[in-house]
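In what follows, chain A forms one complex with chain B and a second complex with chain C.
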Partner chain A sequence: MKGKCYIQGMAAITPQHTFEGDPMAQPMVVTHGNMLSCAEPDYRSFIAPNSLRRMTRVLKMGLTASLKCLQDSGIAVPGAIVTGTGKGSLQDTERFIKEIRDYQEKALNPTPFIQSTYNAVNGLIALQQKCTQYNNTFVHRGFSFEHALLDSMLLLHEGTADVLAGAFDEITTEHFFIKGRIGHWKKETISNDKLYDHPSPGTISGEGAVFFALTPVVTTQSYAQIGGLQMLYKPSPEKLNIALPKFLQQHGLQAADIDLVLTGENADTNHAHYYEILNGYPQLPFKHLSGDYETVGAFAMWLAAQILKHQQIPSQWFPMLQQQPAKLRNILIYNHFFGEQHTFMLLHAV
Partner chain B sequence: MEELKQKLKVQIIEALNLQDTRPEDIDDNAALFGDGLGLDSIDSLELMVLLERQYQIKVEDPREGRKILQSVQSMAEFIQSKQPA
Partner chain C sequence: MAERVFITGLGMITAIGDDVADNLRSLRAQESGLGFTRQLDTIYKEVLPVAEVKHTTAELLAMAGMTGREGFTRTTLLGLIAMQEALKHAGVSDVQDEVTGFINASTVGGMCDTENVYFDIADPEKTGDFLNYIDTLDCADCTQRIADTIGFDGPITTISTACSSSANALMYGARLIKAGLVRRVVCGGTEALTRFTLNGFNSLKNIDKRPCRPFDQDRNGLNLGEGAAYLVLESESLVKERNATILATLDGYANTNEAFHPTAPSPEGDGAYAAMKTAMEMGGCIPADIQYVNVHGTATLSNDVAEGMALQRLFGENVPKFSSTKPFTGHTLAAAGGIEAIYSVLAISHQIIFPNLHFKDKMEELYITPETQLVEQYPVRHVLSNSFGFGGNNASLLISKYEG
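And now, the complex of A and B:
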């Protein structure tokens, strides 16, 4: 990608207190149980009561995070709205399906159907901001956010002045149960702060809504530059081993230039071996803060951008951190979604 | 009729999740849409569903629906007209 891409504003609603105040000064939220839920803000400051009454949780989270992001960037009407979601509004989907069953496919309420569509959040943002520009939602499991980001970068490259890019996903009790049956979660109940003390099959679930205002021009307010992005679908360990140095090389870097790797390590022994490619790199895992879900890469990018902007790693969130790095210029994110969708993202300090 | 209107108000508040509205806040004859309760077109669809689920009345003609959903009074009168004597 030749064009440049800078994070001009951002906002995140996650299981940590990331939305208000100085997120880097917040203590770690510890949840006992394998399902992390977002620390939700008061939505009434962002959404009119008449609209709020109809929205389910992920819609409120997505819309609020996007509006806060736009506020943060100073952009009112973005040149494009591009998002990614793995599951869309699960609450609405579940409600709609249950009503199909309960009412024998008759007398169905339109609201959960309308809101269960993946692009409902984008529609709400566009309506609220009166934005009639390009509007797209990507739904590609563990590549959902990454495709939204790639599309955003291409739009900037083609001349769009600014793009609102984001991701949102929620977890419900029912979906947690379903995914548990296919082995996504740990059998033992743990606390998120003890995640890495429990290497076993499965991990902990999470959710979040994270938005970025992206521009091709750097300003004093910019958080970080997005330097590179690469997706690999079900790569062999050999292919991954070659892909990482090649990715760095394509961006004029080598292993020694990476000051920190944020890894998607999640104590899931079924897929932990992939992270061996990072041996020798200074690295920190982040999923004890967020849990795992399709678009968790957006949270990793938010975290990397915060670290680069503040030039400091929040040690209260990373008890495993031995020492602050001497410099923080380049952060690599390596994440995969249950061994299938693998992503490298590169962020630079500005 | 009074009992039916009270019941309808509770059902409308619940179905449309009108969080800060109490049944006594809704005037029998006040417009449900526009200046009155401020409902919108999606709410009108939800009210149709309410009639079907709670009273087994299906409104086939949208023009008829407009008249029926004018107020709590008009809804109650319609329901009563459809109930067996």
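And now, the complex of A and C:
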């Protein structure tokens, strides 16, 4: 696809202190236990108290991250709002299922039903910012954020001046248990800072809400350029192997041009072999910071953009880093969600 | 210059038919699919009418050729049956002969099956076959099972924007083709009835205990339905290469947001107006070019006022024939946009306008009334198909006769 795409603003609510101040100077948050939860900000600076009372957690996280992102970019009313979410508002879905049972389908409060709708966050953002343009929500596991990004890039290419793109997912104790039943999480309880010392089946879970303001033009405040995006659904090892050099070649790059790969490596031995395609690349894993979830790619992109903007890797977050790269021009992100949805994203310094 | 996008295959299953031909027959016979549920376990079994597909899930498994396979939800099976028909209709025997995308739409994924086992799934004391359904909790499961069964190797994703989901899936598919990322993509949606959505809309007091009456003064809400519908979209170059039959063109589309209220439209129908106007203009049409509008027409109090006002604003004194087909199919949520896009294609290819069933009295807020008769041999060249949803999401598609 032709056309350019720059990150003009961004905001992230994650298990790390990424929301306020200088995120690159924050110490790593260490959690004992296999379920990382977001360090939630004070929502009252973003959402009116009467709205706040009705909203459940991921709605608050999503709306607040999107508003902070718009503030950061200086764009009040974006030309489109496109998001991705694997699970939408889990809390509301769980609550409505339970209330149907507990009240035997009678006299139900509709609020959890309304808020369980996957596009509820998009609707809230549109309502709050009076954004009457294009509005879309992708709900496809490890492709949710990436298709939101592709849709955004298409919109910029088609002439939309700016797009708010983002992703949000939450984890609940109930859902953590449910996904544990099909082997998503490690059996042994670990701390996130020790994730890679525990190669075994399963990983640790996480959550986050991350938004980006995207434009086709570069300015002095641009964080980075999004140069390329590719998705591969359940690729064979052969297909995956050729896909990476081909992807780089399509963007005029070779392996040696990649200064850093942020990899979705998560110490899950069931699906670790895919990351072997990165052998020889300078790389850092990031899921000890975020845990794993459907739209973690948005956090990886936020991280890559921060690193490119600051021209430095925050070493307190990456104790495995031996030395800062000589240059930081091109960052590749390679992630997959439990071996099914594989994604490459390419970011350039501006 | 971006390529034009053509519709080359249709496949569907609804309460009024197991395939497109069966749907057309029921539309012509004016046979509604509304009745009481046989599949859902709900206290509203004999209270709230629904438009249910007339097969058990086991029968659907056999119809889809999947007998003996585990973990296929009703949502997936409805989708798979519609998908198989759409590809066959388009003359595609092997989807891998050309990189083919699949853009699906769903509002609650496999909830139809998971809601029956959810408390077992969440209970550490219990174990059993229900664990096979854990992955069906989300919206991607149905898409991937359909994709894996058929063998799609292009872009795959799922859209969820409530009741406009599959209209947005069609739009996204068309844009992928126009951007040159793919030359063929199958788009639409699938939806099975669930206790979750039935209780959801009922808690909003949006469900009529009678068969729904779109655009009637005495309307009192919607009836839910289930079904699936897929349309094969292909680029002009691919259609020429393989000499495929063009059923209609998708020359215009729009997605707008009202930014008015989480679940209700603005009384003046601002979002509906903007969506229809933008779609029409994108396709190079003026109001006089439109012969038929397949309206969203859920028969809720607020939708029909808003949509009717939008029609009056856009078309003035010359509102084209319009009807809601929801009294036939019920409101099939994520599948509605796909189902109604297919009806729009049928309106063009058979030169026919479908009646808006159950209409009696004009709404006091409007001067227009829907078409209540089956109109044959009507010169239909351009159709607008509307899908509006929660979160203020409005989508409109312009489907046109192919005239070179």
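As a working rule, the second predicted complex is superposed on the first by the 350 of 350 C-alpha atoms of A that agree within 3 Å, B and C clash if a C-alpha of one lies under 4 Å from a C-alpha of the other, contacts with A are read in each partner's own complex, and residues count from 1 in each chain.
We adopt the following convention: a residue touches a chain if its C-beta (ideal position, glycine included) is under 8 Å from a C-beta of that chain, and two chains touch if they have at least 3 such contacts.
Note that this is a predicted model, so its numbers are computed, not measured.
**Q** Which partner chains sit in contact with A:Leu154 here, chain B, chain C, both or neither? Use first/second/both/neither.
**A** second
**Q** Return the chain, chain B or chain C, that is in touch with more residues of chain A.
**A** With both complexes superposed on chain A, more residues of chain A are touched by C.
**Q** Is A:Lys186 touching the first partner chain B, the second partner chain C, both, or neither of them?
**A** neither
**Q** In the superposed arrangement, which partner chain does A:Leu108 touch: chain B (first), chain C (second), both, or neither?
**A** both
**Q** Is A:Asn50 touching the first partner chain B, the second partner chain C, both, or neither of them?
**A** first
**Q** A:His288 contacts which: chain B (first), chain C (second), both, neither?
**A** In the superposition, A:His288 contacts neither chain B nor chain C.
**Q** Across the two complexes, find the residues of chain A that touch chain B and also touch chain C.
**A** Looking at chain A, the two contact sets intersect at 106, 108-110, 114.
**Q** Report the residues of chain C in contact with chain A in the complex, numbered from low to high.
**A** Its residues touching chain A are 42-44, 106-107, 115, 118-119, 121-122, 124, 131, 134-135, 137-140, 143-144, 147-148, 152-153, 155-162, 168, 172, 175-176, 179-181, 195-196, 199-200, 202-204, 255-263, 270-271, 274, 389-393.
**Q** For a test of understanding, state which residues of chain A touch chain C in their complex under the given definition.
**A** 1, 81, 86-88, 96-97, 100-101, 104-106, 108-110, 113-114, 116-120, 122-124, 126-127, 129-141, 143-144, 147, 150-151, 154, 157-158, 174, 177-179, 181-182, 231, 233-234, 340
**Q** Inside the complex, what are the residues of chain B that reach chain A?
**A** So the residues of chain B in touch with chain A come to 16-20, 38, 42, 45-46, 49, 52-53.
**Q** Please give the residue numbers of chain A that touch chain B in the complex, ascending.
**A** That would be residues 49-50, 53-54, 103, 106-111, 114 of chain A.
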